Amino acid sequence: MVYLTRRMRFNAAHKLWVREWSEEQNLATFGKCANKNWHGHNYDLHVTVKGEPDPTTGFVMDAKKLRDIIQAEVIDDLDHSNLNLDVDWLPKDLQPTTENVVIHIWRRLADKVNDGKLHCVKLYETENIYAEYLGE
Amino acid sequence: MVYLTRRMRFNAAHKLWVREWSEEQNLATFGKCANKNWHGHNYDLHVTVKGEPDPTTGFVMDAKKLRDIIQAEVIDDLDHSNLNLDVDWLPKDLQPTTENVVIHIWRRLADKVNDGKLHCVKLYETENIYAEYLGE
Amino acid sequence: MVYLTRRMRFNAAHKLWVREWSEEQNLATFGKCANKNWHGHNYDLHVTVKGEPDPTTGFVMDAKKLRDIIQAEVIDDLDHSNLNLDVDWLPKDLQPTTENVVIHIWRRLADKVNDGKLHCVKLYETENIYAEYLGE
Amino acid sequence: MVYLTRRMRFNAAHKLWVREWSEEQNLATFGKCANKNWHGHNYDLHVTVKGEPDPTTGFVMDAKKLRDIIQAEVIDDLDHSNLNLDVDWLPKDLQPTTENVVIHIWRRLADKVNDGKLHCVKLYETENIYAEYLGE
Amino acid sequence: MVYLTRRMRFNAAHKLWVREWSEEQNLATFGKCANKNWHGHNYDLHVTVKGEPDPTTGFVMDAKKLRDIIQAEVIDDLDHSNLNLDVDWLPKDLQPTTENVVIHIWRRLADKVNDGKLHCVKLYETENIYAEYLGE
Amino acid sequence: MVYLTRRMRFNAAHKLWVREWSEEQNLATFGKCANKNWHGHNYDLHVTVKGEPDPTTGFVMDAKKLRDIIQAEVIDDLDHSNLNLDVDWLPKDLQPTTENVVIHIWRRLADKVNDGKLHCVKLYETENIYAEYLGE
């Protein structure tokens, strides 16, 4: 079993805000992340699949094909988007934390990646904060 | 003459949009950067001062003091902000490209940095695009 | 279950030296790391917690709170310290290898991190050497 | 149980090509990676061993010794080599994908690393593609 | 005057070899870089243009347009190529050192970059070796 | 004229301390950098030479030879050293700031680098602080 990872990037805006809460409570909880005019990040996405290398091609999965799937299913929607407003497959009431976004990227990719088996989705919000989801 | 650089970071939202242009013309010029709902970046800022090291302290400028000036004059305003809407010293009609933002960070810092002499401001928008301004 | 990681940094001096051994034996075992006048590193620390994202905030654990705990419990003591001499919770007879320091950072954090559950502590001594501890 | 990793680098040429296939089929499958005149990469190798730190030295394994083993068994053969032609322990009919190379580096190291126990071999082909093998 | 840089990447094979010299002399001069079966690198290219930001768009030069020019004029030819054999605009008798390749990338781009003025081409062969050319 | 840079690394301990000052004044000026038990860094050194590529070898200067000179003249002395105590060519009364160390590395290398001409020495103390010296 070999694990193969493809890294891709997207840039997006978001804010953390609970609609049912007062501005005061939002600022107390989320600090500057609750800025009503949004802020943004260069997100760095690592998608890992697992499997045995094909005896002829040596591929667990063609990395170009994996890239194309991630591009079509995830990056095309997320890049230069507003994570709170623009992405159909991110529920409108979902808090777009790195933790929540990584789960929804997993769900988006899980049944599209059928040459290998999706093993892990890792998402860096900054160089200092990242989240990983293994589907469990 | 030694050049001393301090690197700091901020996260912000922005969009590129010319008010006098149609949506069509904006999208043709700026592509996804014109998304009306904003997008954002992890900006990476390098501020360089020049001077001779003080014979006693060995400092061109105290890097902690340089950090505090950049934090107070630049980062406090830019971090978790919307560059089009939130920053007093970025003119409202200014296109917040990396090129324009780096010029205004220079102007903001030039007369605050008086232990050394401001030499260069460099700003990374992503790991692939950055702008430098030397005040000339 | 999502894994959330916060990265922080500290700079410290140390040396590797067994008091019961001759200088010869120390140098034979530890090489330049046994320099009696110390050497040092920029340490890079990754602390990972695991849990389910809170349905309202989207947080496994508030990353700012995680940062504050690591700062108060670990970084305040380790940054600009001598790992052999200055840190109360590193036993005086402990060899301050990356392997040993990472275990003691785990012990320091394990019961302070009570919103999530501590999953992994990873410590880079240089870009080429790092150690991980999962509490087992 | 602590996991200790040593990172090393090598530069090599390779191509992906199935001898039994037509040029057409090779190009359709491998794209530019099938260039008959080769291309190459700066490979980045992470070797992880696991064990308990020695109570005296604090080492899971002496990182210098681990480096010397990786250098002698792997890097000396792979650095500035052609992965299809030059390396005795890479079978001539093996497709030198990252997935296949990482398995053979594991096999090369597994019984040489006897102070700790080999846990993982991770190989970056580029900053965007990497493979990991845990011996299972 | 603002300096705007776009970073791109390519992977290529090469060898250093003087046809008029014996194998002995080649190995004595170029070491492992003279391996007759080639080796390769992940090259990292930084192209810098200079100019004043356009008062409407805020662009010294549209970074997307700069990227497209570099892709068409440089990357399409160099990526997954053999620098000694495959590239029309690298003379066949040219030693493909980083120093020489960076000069020829400059010549390739100088009159194509007409929105700004080409200022510098920087090429990393590895993370430890890079060359810069400013056209003088 | 092409600029060729070789990057190398060393790990060292140091402290900032003026002997003529009280502990109070030292702590007020240097903060945690004045810890009497030392602290340390992973230093990252970039040495740039300039010249025209040799028409036969394509070298401004053989990068392996440049590496060997930097190793012998600089790294052998600085690596795993105490910058205040251990290095003959760093004056005992010199404040080992990045600014001062970079000047002395320049002086150490200037007349040893005679294939090219020394152009710049750049030294990172951390990823956030670096100094450059061009000999003027």
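A few points about this structure:
Labels A, B, C, D, E and F are assigned to the chains in the order they are written; within every chain, residues are numbered from 1.
Following the convention adopted for this analysis, contacts are C-beta pairs under 8 Å (C-beta built on N, C-alpha and C of every residue); 3 or more make two chains touch, one makes a residue touch a chain.
All values derive from a computational prediction rather than experimental measurement.
The chains in contact with chain E as well as with chain F are B. Mostly differing positions are employed by chain A and chain D in their mutual contact, as under half of the interface residue numbers are shared between these two copies. Between the two copies, chain C and chain D, the Cα superposition rotates by 120°, quoted to the nearest 5.
Centroid to centroid, with C-alpha atoms defining each point, chain B and chain F lie 28 Å apart. Centres computed as Cα averages put chain C at a distance of 41 Å from chain E. Shared interface positions of chain C, i.e. residues touching 2 or more other chains, are given as 31, 127.
Viewed as a network of touching protein chains, the structure does not reduce to a path, ring, star or complete graph. Across the whole structure, chains are in contact as follows: A-B, A-C, A-D, B-E, B-F, C-D, C-F, D-E, E-F. Taken in their complex, chain B has these residues touching chain A: 9, 11-14, 31-33, 35, 37-42, 79-82, 85-86, 126-127. Only residues 16, 18, 29-31, 94-100, 102-103, 127-134, 136 of chain A touch chain C when the two sit together in their complex. Listed in rising order, the residues of chain D touching chain C in the complex are 1-8, 53, 56-60, 62-64.
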